[in-house]
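Have a look at these structures, which come just after this line.
Each of the next two complexes has subunit A plus one more chain, namely subunit B in the first and subunit C in the second.
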Partner chain A sequence: MSSKSLIDAGKVSGRKTISPETKQSLLGLAMVLPSFAILLVVVIIPIIQSFFLSLSNGEGGYDLSRYTYLFTDKGMRSNIIFTLRVTVITCVLVMLVSYSLAIYMRFNQGPIVNLIRKTYMIPLFIPGVIATYGLINLLGNHGWLARLIGLVGLELPRIIFDQKGIIIANLWFNIPFTTMLLSSALAGIPSSVIESAKDVGVGRLTLFTKFIFPLSYKTFLVAITFVFMGVIGSFTAPYLIGPNSPQMLGVSMQQVFSVFQEREQAAAIAFFSFLLCSVLGAFYIRSMAEEEKAKM
Partner chain B sequence: MMSFKKPMLKKPMFKMPVFKKPLFTLLGVAGLSMSLLAGCGSGGDTSASAQSGSGQGKAAAVGETTSFNFYFTGSQNVKDLWDTLKPMFEEEHPEIDVNMVYIPSGTGAEPTYDRIKAAKQAGKGSGDIDLYEDSITYVAQGTKDGIWSQVSESDIPNLSNVSADTMKDVDNYAIPYRSSAVVLAYDSTKVSSPPTTLDELLSWIKANPEQFAYNDPSTGGSGSSFVQTIVYKDLPEEDIHNSDPSVMEKWESGFNTLKEIGPFVYGQGIYPKKNQGTLDLLMNGEVSIIPAWSDMVLQQLNEGLLPDTIKMQQITPGFNGGPTYLMVNGESTKKEAINEFLNFVLSPEAQAVIVEKMNGFPGIELSNMPQEMQDKFDGVADGFRTFNIGDLGTEINKRWQSDVAAQ
Partner chain C sequence: MQLSVRKLSKRYKTGDGVSGINIDIEKGELVTLLGPSGCGKTTVLRSIGGFLEPDSGDILIEGKSVIQLPPEKRPTSMVFQSYNLWSHMSVYDNLAFGLKIRKKPKAEIRAAVDDVLKLVRLSGFEKKYPAELSGGQQQRVALARSLLLNPAVLLLDEPFSALDAKLRHEMREELREIQMKTGLTMVFVTHDQEEALSLSDRIIVMNHGHIEQIAEPHKIYDEPASLYVASFIGKMNFLEGVAEEEGIRIGGLRLPNERKERGPVTAAVRPEDVQIDSMAAGEDRKDKEDRLTGRIKQVMILGHYAEVTVELNGFGIIRAFQSKEAVQQLHAGQEVGVSMTKWTVFPNNQTN
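Our next item is the complex of A and B:
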């Protein structure tokens, strides 16, 4: 949008009087500016700063040694792989659960749907630390779930202090919001489309793959971006219930920064996780841009 | 949630409707963003100067009040202690306002010292940190850097209650106002005769798999003490007072021992976070022996958080332990008020709070305390060693993370 207005502004700048379109484009630009300024101060400048910080090798020079360390150190490498694995698994599970919930709520009626609709947002209102401690008490080795299933002679696998714990906590944090996003997208699909498809005998799977999914694809992309970025940068749950090693990048960053006091190395980890997120961000922006082009 | 708004907000902008008063709307948006920006911009400053700002503000309002900033770190029990002592002091001395800044352990207490040092080097006075509480490491560091000011009995009469030897150790640059030690806490229903030496402990750990746990050393002192005690197990005694990096070469066998017991500790290599993490495991019976701070164990026994069956045992030679010190920033301009406060902290009444509230060892000599308190500490106060290895502590944590945690 901004590029379009820029071109417009350029085309007409030679004229003496300002046409209404130019006026509007300028107005548009001016309205974007403040939010861009905020972005610049709180996001872009710190990223650039930490990038430069991460390049200094501690001996006065600048090189990529901090980044080489990220991939050559055994512990650090397993941290990165671990973070990506937890993130991808969480994304897939969140999407599966949220889509099912949203579709169920969209195409069914009755007391169960009403109950889900009323309760699925509750996790959003419970502070993260409290929820995490709740999970520890529930799922810990001597937690009450272990005691319950112990009655019938079953043993709970290790969940707390393991990646399973982090994934479960992340599901708890991410499902409500994702479901909310997807529900609103599904609500926007006209019933007539679905009904006419059903009338000509389209099966459930085809209905989903050919109609529902394409029509809510954009929101799906938004949702997966949020889940991905939220999980990759998560701290509280991985800190409290994650294993000592490998660690999620957020936990490792905190340790390197405030325990080992290596600010440059922490900056390198921060910049690397920014790169990971920006891959998905770029993907998201590209598909948005394509859509805008298609509209024009 | 904030970021979620972005794509949503963008959308209406594409087909921007012609507002009736576009300029008005624009101004509104711009103004709002600017005020937000201004908030962000000054955020850093406010937080940094908030302590001094609010303090000075109060001083101006009351007229005579002096306020100084007191930075301290530690677990929740340390915070509870000062939360009790501060009102007691301010009641006696309404003209002095103690502004406490609590930094939870493991969240970067180290930068506090760096701030003091940086302020001094930049010629900016005390850096708004007048009084600081920490371990011997920072006493030594600050004495070397010429940061702390010496205290004397003429300014602080109650200093005479403190053992002259302890004061001599730190050359009067700091006040040891309380002590605590790491001990073994064990479940007496499962362990009848606890280990009394480090070797016995090591063989006990191997004989009883997954019944011992120590916390991640970078997140709490009890785990760190266990790790340091093992690393310095076979090293000469003088090395625990040596912060020279050359000692690092001798760590190999200690770390090998730690790696060796890895598969025998809780969860075959799970090290909970923070001092409380292992206490929680002991509490719900997942393990039988842990290294823990004596004051935390005593306090939680008193409050009924730990069952009565939990007992303590010190090993010989002892785990890390020792006094916690109060240090006066030499650049501070409020020394009179600080001395008044320090005098109060060393009074028998305040020391009794330390014993009762925190179950710490008092900083003053026991002969100044009531008889019942003297009985409580009969003979236990010498059961620890003071490690003074400076930055090597961080090196140990780093190596522990890569060698032991990631083995």
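Our next item is the complex of A and C:
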């Protein structure tokens, strides 16, 4: 080899090249970056801003007085309890109804299943305000259900402007999507798995507890997270058909912000709502991580 | 009788299904349901397992009717084509589950699982999950899961069809060995004739929802009951002829008419029962009473034997399996005499 080609070879080996793995990693990062930027601007920065705003005591200083108020004020405390109660009841009912519907559709055939399949998504296509207005007309004190059962001498209990009204509205808004999620999860369980379970002698209850539920657990968690977060931060239905007191946190936050003009207190409520959602989010992420770990 | 299927019928909306199926299986027998896709073999198997409700008929296991029982109540167990292991459970849990729900003591379950894992050569795999196993290992676990339940009848629905040829062969041998050791009664479904011939005590050949023949593998091969069985099992030559009082005439060839057939017939001849003889120079090229004549199209050496294809004068193609030594003198284009040592004659009006 001549001295010139030796020098050329040295130049080539000395040049820094990017490995295909690094290139792939950089490409992946570049693809994630836009969505992360949006998340940063729309969610993360406002949360940080709200947090700092909530710490402001209005006298130029920073303390936890806004949070102390959240837990010491009787009205505010009952708002939190009310919100949690409505959220938990809604989650339980939505999961019960949706899971039952999804299981019924997965393991049965016939006209009833076809009817459910064709209709259960309808609420998703009706705007929230219109659906809430419809519920007021249906279930209000002078709604047509009250008038109907009034004909036979019965009286409709207070539903609208009550916790019950919010829960019913939440069921209307959440059941379709949750049923859709759970149906697709159950459809992913092969019939052969069910058959092999029956083959070893598994009865209906064990089939559900040991096979159907564990195999759809991941989607169940996703669904319950969606419902929890959706309900805890809901505004339209609680605002339109909720009671004046106690209020859901979303309504309370709006009132504190717009009516009382206490931006710092509203920020504290917002940040607290975010923390509540984070608890479930953390639980969800932990469960997913555990499952992935188990598979490794 | 360990298993009896009586006049079983099941018709699907598509028109497929089975009708009038009668099967009797002795204790400890391994019987194969063999046939092409859609012949009804899986319908019969799933009906026995309780996964399908037949339109009519009865199924008796150890003399008792099980037709009204759901799968979980039947004394059967099924090994499925797609393994069907429960992905969220470890190998141990997959195996122990059936015993747990039967409320067996823990120590007994542990011992039984250890034994069955030894039997299927998977000791040490208890903690693994199905996704960590190869296809063959998964099917062994599936088999072990069924064996543990000690069923009166073990049903196997094309259990090796998803495996590669080598593994399939190994699993076949293992299954036969396990069946001999345990003495379990097994009903095996397959469309692979080689699998059926090598595994079974008896084979049930099915076609279009009915049974064509039930017999031992060698009988199915040597004495097919119908033209369909003759064509489905192994390689077969078919020669059209006419049955007369004095014999069956295929060109100049005469075969004895033992079944006293009349009219158009088809003679089925296995390639190994065909004899090829080179003709001497100046020998008459016409058919004789004991031979047909033709010209060799191809000689293919297939390892330890050779396949010789001969174009018969007026009777199409006939294939013969010959030893490597016998074909040394044969070559394409050569005029040869073709005789047969064994054949089966079927009337042409026989329904397939």
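FYI, the second predicted complex is superposed on the first by the 274 of 296 C-alpha atoms of A that agree within 3 Å, B and C clash if a C-alpha of one lies under 4 Å from a C-alpha of the other, contacts with A are read in each partner's own complex, and residues count from 1 in each chain.
Rule of thumb we're sticking to: a residue touches a chain if its C-beta (ideal position, glycine included) is under 8 Å from a C-beta of that chain, and two chains touch if they have at least 3 such contacts.
On a predicted model such as this, the values are computed, not experimentally measured, just so you know.
Visitor: With both complexes overlaid on chain A, does A:G188 touch subunit B (first), subunit C (second), both or neither?
Guide: Touch status of A:G188: no partner.
Visitor: Please indicate which partner A:A30 is in contact with in the superposed arrangement: first for subunit B, second for subunit C, both, or neither.
Guide: In the superposition, A:A30 contacts subunit B only.
Visitor: Is the number of subunit A residues in contact higher for subunit B or for subunit C?
Guide: B
Visitor: Taking the superposition as given, does A:D199 touch the first partner, subunit B, the second, subunit C, both, or neither?
Guide: Once the two structures are laid over each other on A, A:D199 reaches subunit C alone.
Visitor: Of the partners subunit B and subunit C, which touch A:F211 in the superposed model: first, second, both, neither?
Guide: second
Visitor: Considering each complex separately, which residues of subunit A are in contact with subunit B in the first and with subunit C in the second?
Guide: none
Visitor: Which bits of subunit A are touching subunit C when the two form their complex?
Guide: Those in contact with subunit C are residues 190, 192-193, 195-203, 206, 210-211, 214-215, 294-295.
Visitor: Touching residues of subunit B toward subunit A in the complex: what are they?
Guide: Residues 3-4, 7, 10, 13-14, 16, 18, 22, 25-26, 29-30, 32-34, 36-37, 40-41, 106-108, 110-111, 216, 218-219, 267, 269-273, 284-286, 394, 397-398, 401-402, 405-406 of subunit B touch subunit A in their complex.
Visitor: What does subunit A use to touch subunit B in their complex?
Guide: Against subunit B, the touching part of subunit A is residues 1, 24, 27-28, 30-35, 37-38, 41-42, 73-75, 78, 140-142, 158, 161, 177, 181, 222, 226, 229, 239-240, 243-246, 255, 257-261, 288, 292.
Visitor: Under the touch definition given earlier, write down the residues of subunit C that touch subunit A in their complex.
Guide: 49, 51, 70-73, 76-78, 80, 82, 84-88, 97-98, 101-102, 129, 131, 142, 145-146, 149
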